[in-house]
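Order as written gives the chain letters A, B, C, D and E; numbering starts at 1 within each chain.
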Amino acid sequence: VDLEVTHWWTSGGEAAAVAEFAKAFDENTSHKWVDGAIAGSGGTARPIIISRILGGKPMGATQLNHGRQAEELIEEGLLLDITDVAMADGWKDVVNPSSLLDSCTLDGKIYCVPVNIHSWEWIWLSHQAYEDAGVAVPSNWEEFVAAAPALEKAGKIPLAMGQQAWQRSGAFGVMSIAIAGIDAWKAVNIDKDAAVAAGPEYKKVFDAAVNARAMAANSKVQDWNQATNMVITGQAGGQIMGDWAQGEFQVAGQVAGEDYTCLPGLGANEVISTGGDAFYFPKQDDPEVTKAQKELASLMMSQAVQVAFNLKKGSLPVRGDIELDTANDCMKKGLKILADGNVLPSGDMLLSADTQGQLEDLMVEFWSDTSYSAEDAQKRYAAIIGSAD
Amino acid sequence: MLYGVLIVMALYYLLPLYVMVVTSMKGMPEIRIGNVFAPPVEITFQPWVKAWSEACTGINCDGLSRGFGNSIQILIPSVFLSILIASVNGYALSNWKFKGSEVFFTILVIGAFIPYQVMLYPIVIILRELGLYGSLWGLVLVHSVFGMPILTLLFRNYFSSVPEELFKAARVDGAGFWGIYFKIMLPMALPIFVVAIILQVTGIWNDFLFGVIFTEPSLYPMTVQLNNIVNSVQGVKEYNVNMAATLLTGLLPLVIYLVSGKLFVRGIAAGAVKG
Amino acid sequence: MSSVSIRNLDLNFESVKVLKQLNLDIPEGEFLVLLGASGCGKSTLLNCIAGLLDISGGQIFINDRNVTWLEPSERGIGMVFQSYALYPQMSVEGNLSFGLKNAKVPKDEIAKRIERAADILQMKDLLKRKPGALSGGQRQRVAIGRALVRDVDVFLFDEPLSNLDAKLRADLRVEIKRLHNQLGNTMIYVTHDQVEAMTLADRIAIMRGGLIQQLGTPDEIYNHPANKYVADFIGSPSMNFIDGKLEDGQFCFADIKVPTDVYPYTTDARSGDVCLGIRPEHVIVGEGAEKLPYQTELEVELFEPMGSDTQIWTKWGGQSFRIRVDGQLKVANGDKLKVGIKIERCSMFDIKTELPM
Amino acid sequence: MSSVSIRNLDLNFESVKVLKQLNLDIPEGEFLVLLGASGCGKSTLLNCIAGLLDISGGQIFINDRNVTWLEPSERGIGMVFQSYALYPQMSVEGNLSFGLKNAKVPKDEIAKRIERAADILQMKDLLKRKPGALSGGQRQRVAIGRALVRDVDVFLFDEPLSNLDAKLRADLRVEIKRLHNQLGNTMIYVTHDQVEAMTLADRIAIMRGGLIQQLGTPDEIYNHPANKYVADFIGSPSMNFIDGKLEDGQFCFADIKVPTDVYPYTTDARSGDVCLGIRPEHVIVGEGAEKLPYQTELEVELFEPMGSDTQIWTKWGGQSFRIRVDGQLKVANGDKLKVGIKIERCSMFDIKTELPM
Amino acid sequence: MDRSKNSPESESARRPWLKNINAKIAALPMIITALGIFVGCSIWTIVHSFTNSRLLPKMDFVGLDQYERLWSTRRWLVSIENLAIYGICSLILSLLIGFTLATLLDRKIRFEGVFRSIFLYPFALSFIVTGLVWQWILNPEFGVQKIVRAMGFENFVFDPLYDPQLAIYGILIAGIWQGSGLIMVIMLAGLRGIDEDIWKATRVDGIPTWKTYIVVIIPMMRGVFVTALVLIASGIVKVYDLVVAQTSGGPGIATEVPAKYVYDKMFAAQNLAQGFAASTMMLVTVAIILVPWAYLEFKGKKRG
């Protein structure tokens, strides 16, 4: 059967990664992968995906951020239960960290295949920028802050930052892990403890964020990769961005450790969150299609496909039983942290899209409006956490 | 003086087009270093080729050409049906008033102000119940519905300006509702049809949201590829390809505008002037 | 046998009553003209007969058939409009055959009828042209032809000539009259031009505010108007009205007394406020004046030479008074004219009821 | 002193010559009517005088001032348009004062002038209304008022009455005439309605194809037309033309010979193809007929009673012939009428040159 | 004589209900659209705005919660303010520019067709394209600012899209560029419909041309302005693509608009009910402004 798969991976590396899925599917099964790519972020793709499912003409499989996004679809019985595949392939044993599988599980049943791990908690630093400014490349957040005036004097932007909401909200998340500490972070994000959010640990985060805001004031790019480009070219000192950024450094021919430095957890708390992408399978009437869906699910989790896919995508595989020899420096750092178990669940899994949306709104405003004080922002932040569901 | 103002205004309107054309013929390195207004040092048509036949959408790398056929396939029936419905509406509203007809019309005009995002889900559900969801005809229907307010307004105004006596003469001659519509009104309505066609071609050709929400990938219009080319969040932005792609996508409505400019003004004159 | 009869016709536009309990019988072959000022409901009445307006009450019969709710095309009527209402995209032939094709008349029959109509209206060589390429008069002829080919019993005309210039209007008027003589159909003709009405009509219905004021032959209407409105409306230049009192068989106004013995009173009321209506041509100037029972002298205030005759504006006892003299008579402002008035041809109206005395 | 004079005026629209070397002198206080068929250039000429069209050649003087290149508002003219051209969103008062305010005329002066205009045109109680709430005649009056308040030397009228119905037209015609008598301004009046021309004009200029065919008083034009075109154009009902030959002092056609001794020839050509023009009123029916030099008998083909008189269509020697009789005379189709023709009042034209003989 | 009694067809004296049935059938699509889609969907939306629907519409009523939250959200307030700024400016400027261009073109100029096409062509392009091009031209790195600086004005600053105070005007520039051509054509058509004699009358009255336009011509073009207004206003309320393409609402939330709020809440934040509440507010506003106007404009008016 022709199995249509929708996703929003349309850039070069992403498309190449998807192609690995398609190739494996076409070669290893009797079915055919029909690509339904929609560019833009989830905001563009999601209504399309939901409409298709609601309209009774669903696709065979679709990308969705796992976590809470799909809960309602599952409750409505619109998504296929693939527990049998997971049991047969023993996912429980191989998926690492296991939280990835948990977020695909509702009432003990598994509804999605996690395909990769992305982590947000990185800062990328430009060696050239610091050289030009005559200061050493920082090794943690404090040093980074301390070096900022020197950079500015040299006509550089200490912190590169794009305009998109998710970048700003993400950067704040990274800072809160590094500055407020893991316990406080957990209290806020897992327990939704508004008191902690309003408390002194988070006050530090907001103060730091005000500082960061000043450092990023002259960064006028829109897209995240344009911001990354500023780090690559030495116009900016650093950028807080997820692990996907290193793809850009690679394309530019830069070498980790020589041309740039990556610090997980801003060099303070070396932990990474384990977000990532997952595929869901809308329920279909045709048993043939169901069979194909399950075959695809199984295939996506298989070792060979995981390796092929993640190498192209630049993300970490979801299986603990894979060695990635070809991985670069930063990726290896990530793998090590992963192996050590210093992991946190990602915001996607903990907060509803609505809450995240509100946080993004807050962060967008906070980062772009210098008159927005730390106190006000923290108050609002605590309120959102308090009302989170 | 008069011409001076006109020429300055013309420059303002032409500037973006110039930028698009110029950029689409530059190589990427040139774009990075130069400014947007500089003419290309080395003219290249590679971006056009790429936009048309090589740019990737997911794993399909056949550029805009992939959606072109679909766009045409969507465009023709949508334009046809939406104009047919709207013209019949306008005709009925101006010549065959019945109790409440003006109320429906008023609702229709207010409908033009509803942001259509709001209606996505209910329409999905309606189409599902009609069994039209995901098909070409479902999309055609959606385009007809959303084109209806403005088009009906134009047609109504136009047909109101046709002398009532003509309509009476046709009734005395024994022509019925449809007879009068097809044999008398349609042949006289060329200018307003041109206007309607232009508005609809533009709207439908440039539509992205409906095309992608109410159909399946095999029917995705060209704008989906355009969106994919232009909106790829990650990776380097190939501005030259983007511009080439946008120009390619806009070509059909542009040509229609240029060809039918005079008729357009005439039609507007007939359809818009009477409030 | 009457060709068209209308019983208690009511027509309202929303709350406005435009036609009120109107009755009308038109014998077969009659040329009836509906005449009245703008807005009096002439077109509305015609549209009701044609079935183009849904009536609010009453009934309409055409050839003794109740057609009240029939479609216009089923009533056996043909209609000619003021703006011609030709289908601009069809040739003359197409215009003529449109109704027939709708009625599924066989091809050769259509051809025959078009030929006949083209013959009658002398427009054989126009058949292939589009209306845009025709002159006003030719268009009007095509419009008439369109009714002609349908072989209808009743022709309805709604001011068919008012868009034409004076000369053409006069010519086409004669043509329509000829056509009526030739075909003998019933014709109902709406106009607000009294010359048209007078020259064309077998009978004229004068309308006012949705009511028929008088129905009669042109002669009756001209010479025996049913009320002051009709008297005023008919006649060009129009009737002079002098307000005064009837006292002892004399009409008195200002300090003038006109003996009215010769006036054929229809009521016995011999006194009261009345209004004397005198048509300009019943005032004789010069030689003939002396023979008349009442004579006076009037001063020329203004004159309008019109070629064949001249209109003269004067004041009679302070009231404006218009007379008509031969075009050869040379007058100048300020001239004094000796005039005689044919009192026996005058009309006298009660000022309050506006009815003739 | 002439109020308006036009010297060698040329006007081309692109390559089309609409006015050709036109000369015209209008004395102060004259009421000149430009009369002609549609498209002959009347409005064009008027617009040139007003300065609304840039002329291609020649000069225009108003009150002996060369205004050829002045703005319309500086020429001392006021203009009244066929479509009234009132400013729809302004009240009558606004319409009247708009031009004055713009010329910075003091407030009280404006008020005075408006009052005067309102007085003259009897529209005091209309001042606050919008044009949309006025009847056709009232609108026309406002349009005239707009020219009036500007205290101009020359009034230009472009078919000011053609959008009105016949009755109103007749009334307003008289009003304009009165206005002229009262104000004494020069007035140039365009129309294609000959009745208007005849009744209003001191002199009429008959135009055709951008040329003035004849310039003269209404009487001259009616009784001594400069050519066949003018003869045909003027007169309602229009002149009968009978084609024939002039042989031995007799006008011959079919087998009829009419002695033409009494006709005042202006040329010596006593033979050739000619055309005899006879106005309907110069054909006498009944008593008077016997006294006339030429008599014949004609058969009534069709008659049009018009109240005060009746038009009768006959054939004379196979050619269509129209006569006018008193409205009291009862006729019927087929009646034979004894008629006499006032040959001395006829016109005779050379068929080729169309000039009178 | 009394034919109505013995006539065999006296039953036809009643009004047949089937009269004009075709017209009613033909109007069905319109009726269905008006009632089923526009009214139906609006009611559906309003009803769901009182629920706490998230990803999928559900009938789970929570009263006015969504509205309370809506009106305490800064982004929504900013959106409304932006829409007001954008709406008013765009309305005025579109009409002004459209009308000015139309008057220029109406003065019997040469190459009218060329100019007209130039002013009109942007309308053929989608908002996405418009947004993209203008984002680019206004970009300080390689757009206008760079050019002017390259010409020697080193301190020249022109980066409307990056200044929160100005960003909405940056969008305005693009919006007007795209839409004013159509308005111009409509105005031009209206001007062509003005009686020539009016022009002559004003010249005889000695009114300057500019004054004629303002005092006489514009008031006469009411119908044209109404049509133009409907077109512009319906576009303004729905403005979305342009913002997304040009700024994605940034910098910060400086260029957020209500339609984007609705869309983001419904689809990105998966809070349908919040989006519905926002769109209900938009609907209500539109209705408050439009219904009385539409009533006057269309209901009471007779044919012709």
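Keep in mind that, in the parts below, a contact is a pair of C-beta atoms (placed from the backbone, for glycine too) under 8 Å apart; a residue touches a chain by one contact, two chains touch by 3 or more.
Values in this document were obtained by computation on a predicted structure and should not be read as measured data.
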{"item": "Co-neighbours of subunit D and subunit B - touch as defined", "value": "C, E"}
{"item": "Pair exhibiting more inter-chain C-beta contacts, D-E or A-E", "value": "A-E"}
{"item": "Inter-centroid spacing, subunit B versus subunit A (mean Cα positions, whole Å)", "value": "38"}
{"item": "Approximate Å spacing (C-alpha centroids) for the pair subunit B, subunit C", "value": "55"}
{"item": "Distance between the centres, which are taken as Cα means, of subunit C and subunit A, whole angstrom", "value": "90"}
{"item": "Subunit D, residues touching no fewer than two other chains", "value": "none"}
{"item": "Numbers and ranges of subunit A residues touching at least 2 other chains", "value": "41, 47, 54"}
{"item": "Overlap residues in subunit E, where contacts from two or more other chains coincide", "value": "263, 266"}
{"item": "Contact footprint of subunit E on subunit B as seen in their complex", "value": "2-3, 5-6, 9-10, 12-17, 19-20, 23, 34-37, 85, 88-89, 91-94, 96-98, 101-123, 126, 144-145, 148-150, 152-153, 157, 160, 164, 176-178, 181, 202, 206, 208, 223, 226-227, 230, 239, 242-243, 246, 249-250, 253-254, 256-258, 261-262, 264-266, 268-270, 272-275"}
{"item": "Contact footprint of subunit A on subunit B as seen in their complex", "value": "56-60, 120-121, 124-125, 127-128, 133-134, 212-214, 216-217, 224, 227-237"}
{"item": "Subunit B residues within the subunit C interface of the complex", "value": "163, 165-166, 168-175, 179, 183-184, 187-188"}
{"item": "Contacting residues of subunit D [partner subunit C, same complex]", "value": "38, 165-167, 170, 173-174, 177-178, 181, 192-195, 198-200, 218-219, 222, 234-238, 279-281, 302, 304-309, 311, 313, 324, 327, 333"}
{"item": "Subunit E-facing residues of subunit D, complex", "value": "47, 50-52, 71-74, 77-79, 81-89, 98-99, 102-103, 146-147, 150"}
